[in-house]
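Take a look at the structures below.
Across the two complexes that follow, chain A remains constant while its partner is chain B and subsequently chain C.
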Partner chain A sequence: MATIAQPQPQTIARPAVTTRSTGLWSWLTTVDHKRIGILYGVTAFLYLLIGGLEAMVMRVQLAAPENDLISQNRYNEFFTMHGTTMIFLAIMPLSSAFFNYVVPLQIGARDVAFPRLNAFSYWVFVAGGLILSLSWLANAAPNQGWYGYAPLTERLSGAAGTYGIERNVDFWALGLQVLGVSSVAASLNFVITILNMRAPGVTLMRMPIFCWSTLITSILIVLAFPAITVALILLSMDRFAGTHFYIPSIWDGTNLILTGGDPLLWQHLFWVFGHPEVYILILPAFGIVSEIIPVFSRKPLFGYAVMVYAIAAIAFLGFGVWVHHMFVTGLGPTPNAVFSASTMLIAIPTGVKIFNWVGTMWGGQIKFTTPMLFAVGLVSQFTIGGISGVMHASPPIDTHHNDTYFVIAHFHYVLFGGSIFALLAGIYYWFPKITGKLMDERLGKIHFWVTFVGFNVTFFPMHFLGLEGMPRRYASYAAGSGWGFWNLIVSSGSFVLGASFLIFLYNVAKSLQHGKPAGNDPWDAATLEWSIPSPPPVYNFREIPIVRHRDPLWEEKYGHAGGEGHQAEESLDISIAGKTISVGEVPDEDPTEQAERRLDAGDTHDIHMPNASFYPLVAGLGLFLSMMGLIFSYPRLPIGALDLPMLTLAGLVTFLVGIYGWSFEPAS
Partner chain B sequence: MSGRDGIGSEAPRTVGQRGPRPVWQRFGAMVALAVLVLGTLSACGDDNTRPYTHISPTTGVADDIQGLYKLVFWMALVVFVLVQFLIVYAAMRFRRKRNQNTRPPQIHGNKTLEIAWTIIPALVLLTILVPTIQTMYEFDAQADEVDDALVVNVYGKQWWWEVHYPQFPVSQYRSPADGSLVGEPQVLMTANEVRVPVGRKVRFNLYSNNVIHSFYIPRMSGKMDVIPGHENYLAFTPREVGTFYGECTEFCGVSHAWMRFVVKAVEPAQFDAWVAAYSAPPSVVSQQFSTDGDVTKPPASFGLCVTCHNVNGTTAGAARGGLATDPTSVNAAPNLTLFGCRDTIAAGLLENTPENLATWLDNPAAVKEGNFMSSAIKDETLTDEQITELVNYLESLKPAEGCYEPPGGEGGPTNPDVVPVVSSVPVGQQPALPAPPPVAS
Partner chain C sequence: MAQAVQAGQASGAGHDAGHGHADHPPTSLGLDHRKLLMWAFLASDCVFFASLIATFMLYRNRSQQLGEGPFPSELLDIPFTSVSAGVLLLSSFTMVLAVGSLGRNNIRATRIWLAATSFLGVVFLSGQYFEFTEFYHEGLSLQTNMFGASFFTLTGLHGTHVAIGVLWLLTLLFVSLRGGLSEKDAINVEIAGLYWHFVDIVWIIIFTLVYLIPYQDAPSGEGEQETEAFVRLWHLLPFV
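So, the complex of A and B:
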């Protein structure tokens, strides 16, 4: 494997490659976690903008009652693609960008455990994104909602009408299936990386909290995605092979045939995935904020251990609350009571996190830089989403809130006021590390306040629309409904929110050109990534660091105390390859001795970098082609001599070639 | 609105100031938002302009939910104010001063505090959970007591509602030869309008033979999904006479937004009269196709309509085919009995006027996207003459003595300013109606 190399006993090894090549080919074949992180970030941000534009088209449509700017079907496509894009193509991969870029740096590693698998994850993500996006060109964008409730997703025709005949649902189902491959592969990679690649002394309970949130999010993905994979396979069999997993009965012209299928089967499978998915979207945000607030408060995270347990508890409970999406499906009072209780239970660790963030700020020396503004913005705005979440954890109340704008308000406070605020905070926070340049603070603060105002004007009135009974997924509404006023406010707010992203893009462009040099550690931060140059060299750490403290850089800068009251931790012995290093003694040695000592101890973490490889790209292309072929197989679409369904075969061959070449390619 | 002012006060011009001013403004905005919520909650006066509000309940069930909602709302408001205050206070009080070189005390945690803010939220949640669970079991128990209840079976269709009253058998086809009733017995059936008596429990059984819908009358009850292969139900007792508005709240395809219905809660005597009018057997003459322009008989062009539609007591033997999965259970298209008394066309999309009906028949696809009638009737399918005769016939489908609307406005013909129908089609004067079809008693 890539991580095994010859020990070089003389001095700390110099990397073979110290300068970057920057051509297109280098980006297509890169296996560097930092470059893959950048690729994830740029691609996902593009999708974030696309998803935002989709939302704004919907807001123009709804700005006035009985508006027919776009047809109802087009509107249905827009809201389906908005949800799907934001969840799977924007927030998840943006989180993934930070996992990729930051986690190896924070744990003192030179790359992830499986660099080529990492590249494969990215290219498969691109493939899934392309499948979903190309649906627009086929004029068959998914139009059944991001949650795709059967039987609306089924392919059926009857005496008086048909639905689901076209490919819309296929683009969606197979696109998500591909994205699932990407997510699971990437997540396994991160679980293994975090468990195995930590530098000496980075015990689990000394890991930066962002690494904890990455670890637990990755575990969530690995455990939750199989549920939607199964659900989508059953759906695809219904659509392509004529099974009836989600249809209770069919009519053959004379007889009613009971099939034993059930639409609720889809809902259970989907939400067993779908609710952990919510935490997959928010836990990385919690991790980012937990990094930023201590740095700009000059205080360690309040209740670190409890924060870790809270993330774990949220993740664990997250698998036991899915029925709260189904409170109005008529399951009866007993299931609803159980899942109401579990849903309220999950609010407790979430609340603990909020209070611990406030506790971190309390008594600190807070500096409101842009990342800090966004981070505190999350604490404030996510709280609103959390509170409204508890409101519809009560099933009788949910019978009113369910599928109304109240719920839209709720989850946008969670996913925008939570996830997006944190991701923007993360971009402002790590931008200097990634580019070596500081972002413009003045523009950043303008960006924050415009976002804050636009966000609240857009989403807060949706609570009122919900109370006034406006359902979700309505392409239009009557003038007499009483919803016109707030809809106009909401639509105006969405334009402010849209404008805020222009400010951000301008800031990024300007800072890339003219940003002040960042230096290694512009924020006086506490974690390892700030100990190395900005941008980091290809090999990250010239020497693998040895860590004795939860906030290693503060410990280095301010001593054991890191300030008064900063308790030194008891020294922990580290076992490497059967030999023991007493970490407490190590820092007194000079670096060369340290290195020799490590090498004597069998530490073979030398500088050796994996080779670039294009096989992950080939394998990803194969998946893309095979899924496109399947999509065009029914209704069959040959264009002239070109039989599009044959793409499936070509894609499988391409995929196998990619995997084969990858398997026999030398690692480094 | 105060809320807009409150939000607007957070103008970005305050950015970059180091003092507490922007924070205060933000705090002020939050208070304004909280006030706005209160305002929304307490503004229960003018329900006519808010036909779908759920915070103005009119049944016991809806009262109970509203009580629970108020409890949770006040607790939520306290938590909201507390947390936002803590954040804003910390953000103001603990700002870094210029040239502050010593680091603050490095506190890693506080067990007492952390235990406190674990246990206190747990207790708060418990005070919500207990009444929640009590309410759910109460609802379920009262929905199961159906001895004296009026039973209404509701079938969700794409995109309209069929309503059956299984306790009321209706007339059958009357043979032209000897005037005897023949044909399969049916139950009283309407579409997109539910009429219920006040003071009597109504149990709605909900069915679908196509996709999932959700049945929601905000001022009377919470919603309940309508799921193929499942029998869900809702029960409540209407208390106030009046017209209440319902809507589909589970996405069900192209025209999901236009799948609405009204519930007319009337005095029991008026309900009985309405049932009698609906159940009366038809005369022989009104069920035969007209050959001489007699508008009291269905015109020949109505033959196209009866492929899918039904009119109780006529030979309009509708195709009983459903959309896809279970065609036997309900009709393919709305039952048109007493169509002239309906408030709306196309499930709450258009007001029921001759002009709107003509627009609808001219090209249904242009009015309601994706509807299944448009697969049979395209633009130009019907001539102007046919449309006119169909409109005249359909609007004539009323009882001789009128539509049994309750007197005095309430529950009666709805105020056109309020009724949530699309108003873009001009609403004209109702023309002098032809003589209604005679109704045998």
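So, the complex of A and C:
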């Protein structure tokens, strides 16, 4: 017995479309989760390329000892912008692109809970990205590291002169602040969407695992970002209002005066956010591969429930390990021991996930398509990063690793070998759904192998360099250090990685033009998004589906006995609107009949889609203007008659106009 | 055989539940989207205030340790702030009445209670304004010492929350005066109420930690005596 609605021929009934659906204006005002997902994806990928170019400049600089391609300050700017771009402007929004596009489809919804809030999140993300990027044009790119350690971020003056007077750090602090608004708004939206908009029968424990990872990542964002918000407010107070939250002493021209401020407060607030942040970066990746591996192993996910608990455990423990970033700051043996233990503990649920992926593949009929290659790539490469992570979970070992290339190797294995591999896997996997075209498999496989080789040549030797003591964040190293050889290898690897992205872009361009039509379900997949046309219609589902199984599409195509682990779930009840009804009571009607009946009744307005709105864009613009005004208020930059504090005010007014316009316009 | 029901999903129009379509579709948890959103936001705001309060607690006695006045015990006027804290608590009561009257479709009463709540909010904010200027005249500014920095930041950001709440309530009042508020919009007032109560509760915590719990003595022996400090706990009584 089948459980989900068959895709309906679109001729039966069309929703009343009130707004134009093409053209620039339609994209600027869209509230459609699929379009917003595409916007997120394209913008974030652009930033991924920019961040990659920044990295390659650094690698050219380090290819030979005592190189002087760029100045030390430029180098500082490059590594700061590289890290900040990759984390906040590439990986997080790329994950967001998938949340947006895929989650409503997987839970059988027509949009997210708050479509305009969703558009707002995107425009605010653009605003934050612009603020950060414009720093290059002002020749004042942030130069203090993505972790922004105080007091490097402060305006200081000392016997040797002044430091940090320029606005480099302001671009960073206020840009991140804006990005935080975007992330929290988007995450609140996803928490509500997933909790509250599931189609009948999609119980929490029947949700695709990607929805679980989205839910838990969103909860992490909601609970972790306020810490950095506060950290950045305090930093901005220090820089604009003359407080000394992170400055222990000031120089009055002749004497050092103790202020009582504490630079370690920054580190605590930052890493209380920062460690959950690394899980914000990896959990969506875990979700993506947990979708892909079962499909291409032709088996349901091994240990679904345990996977869910593992994600939850990782997220929970993630709030209690931040001091492992501060082992060498001298907090003392007790905090170090406690946080060392909690850090090692977190490796357990992480290991569980690795074993479950292996268990899913075990005995399956594995098909090594491109998405599967990247997914398996994650399983192998992330594990290496996990192992080096557990190594420096031990304070004595970390004392050796800290601030060396070993840490760089660690986090690139988890971030590139983990997050980026999975995001690429996700693009290959959902590209057919999004565009209706298949990607070129042969190019895809070449892309994978070039990436895989380039990645390992680039990052594996960094372990050696780190253990030999090569420090991170340095623009150069001595000829006699003996580090020249591996650095040259690393730099050449980075060019292979660069090339891999060209192959990918070529594949995307080619497939967009000449890709074969994908059909609804090119991978013979298990989840709801594959039950509807590719690309999906604006309203996603002609009829809201009813779901009685964890893998609804397989259940429909192959019945309960479709494979091991496919226990009959007939006894599970369906919950509609918070009320549980037994399966027998669900109206059992042929969808075609039902639709025809409705057509007879002249009912073509049964699908209410939200109206387009440009107020989210206005509100985002307001935030952008007010922050730019603040950044240029000190040191004051008088541009003709344009007084910049006025710009802040104008920005705030614009923001309020956006918010009020939005509250008072009808949503649908 | 396939099945489908039109067990409606909010067709993305969550934000407007209750505005137009009375037949607004049910949600998975049976809770309104916006109410859930407010709860999730408040969870986030908890961490926001927790971080600020942790910062305040770190620097609470710093100025006394360094001997940089003016010291908190010379500045804080507990009876005054107790009164304004009482005003804020009272406003939670009027807020409950506003929500209740709209539930009973008593629009006139709703307007009165919304106005009363915003008025009490404004009284609280004026009290804060008075207190801030008072402290400033006694020599405490953001730059003076760590107490000044952390005190103004913490209470100032709380005050900002109150101000946003007042703006929100006044907007609701405005909407209701133009006839745009009825029983079916009760949820709009209810979530404003949730926010308002939260901001109140945070103030109780801030009031306790900033005003009531005694400070370490300054090195010169300034500051209050231990017994006197103990007596301060009585100020908590009206709120238990």
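Going forward, the second predicted complex is superposed on the first by the 612 of 668 C-alpha atoms of A that agree within 3 Å, B and C clash if a C-alpha of one lies under 4 Å from a C-alpha of the other, contacts with A are read in each partner's own complex, and residues count from 1 in each chain.
The working rule: a residue touches a chain if its C-beta (ideal position, glycine included) is under 8 Å from a C-beta of that chain, and two chains touch if they have at least 3 such contacts.
On a predicted model such as this, the values are computed, not experimentally measured, just so you know.
Novice: Quick one: is A:Ala312 in contact with chain B, with chain C, with both, or with neither? Answer first, second, both or neither.
Specialist: Touch partners of A:Ala312: none, neither chain B nor chain C.
Novice: Check the residue A:Ile70 against both partner chains and state whether it touches chain B (first), chain C (second), both, or neither.
Specialist: The answer is neither, since A:Ile70 touches no partner chain.
Novice: I'd like to know which partner A:Ser481 touches here: chain B for first, chain C for second, both or neither.
Specialist: In the superposed model, A:Ser481 contacts chain B only, not chain C.
Novice: With both complexes overlaid on chain A, does A:Tyr304 touch chain B (first), chain C (second), both or neither?
Specialist: In the superposed model, A:Tyr304 contacts chain B only, not chain C.
Novice: Applying the document's definition of touch, where does A:Asp262 land relative to chain B and chain C: first, second, both, or neither?
Specialist: A:Asp262 sits against chain B and chain C alike.
Novice: Have a look and say if chain B or chain C is in touch with more residues of chain A.
Specialist: The partner that reaches more residues of chain A in the superposed model: B.
Novice: Which partner chains sit in contact with A:Val112 here, chain B, chain C, both or neither? Use first/second/both/neither.
Specialist: Second partner only, chain C.
Novice: Identify the overlap between the chain B-contacting and the chain C-contacting residues of chain A.
Specialist: 261-262
Novice: So in the complex, the part of chain B that touches chain A is made up of which residues?
Specialist: Residue list for chain B touching chain A: 3-4, 7-8, 10-12, 14-16, 22, 26, 29, 33, 36-37, 40-41, 49-55, 64-65, 68-69, 72-73, 76, 79-80, 83-84, 86-87, 90-91, 94-97, 100, 102-110, 113-114, 117-118, 121-122, 125, 128-129, 132-133, 135-137, 139-140, 158, 210-212, 214, 216, 218, 221-225, 227-230, 232-233, 247-258, 308, 319, 321-328, 332-333, 348, 369-370, 372, 375, 417-424.
Novice: Please name which positions on chain C make contact with chain A in the complex.
Specialist: 1-16, 19-21, 26-31, 33, 36-37, 40-41, 43-45, 47-48, 50-52, 55, 58-59, 62-63, 65-66, 68, 142-143, 145-146, 149-150, 153, 157, 171
Novice: Within the complex, which stretch of chain A touches chain C?
Specialist: Residues of chain A touching chain C: 1-6, 31, 33, 108-117, 184, 188-189, 191-192, 195-200, 202, 222-227, 229-231, 233-234, 237, 241-245, 258-262, 265, 269, 272, 539, 543-546, 556, 575-579, 586-591, 594, 606-610, 660, 663, 666-668.
Novice: Per the contact definition, I'd like the list of chain A residues that touch chain B in the complex.
Specialist: Counting only chain A, the residues touching chain B are 66, 71-73, 76, 143-145, 149, 151-152, 156-163, 247-251, 256, 261-264, 297-300, 302-306, 328-330, 332-333, 336-337, 340-341, 344-345, 347-348, 351-352, 354-356, 358-359, 361-368, 376, 379-380, 383-384, 387-388, 390-391, 393-400, 402-404, 442, 445-446, 448-450, 452-453, 456-457, 460-461, 463-464, 467-483, 489, 558, 561-567.
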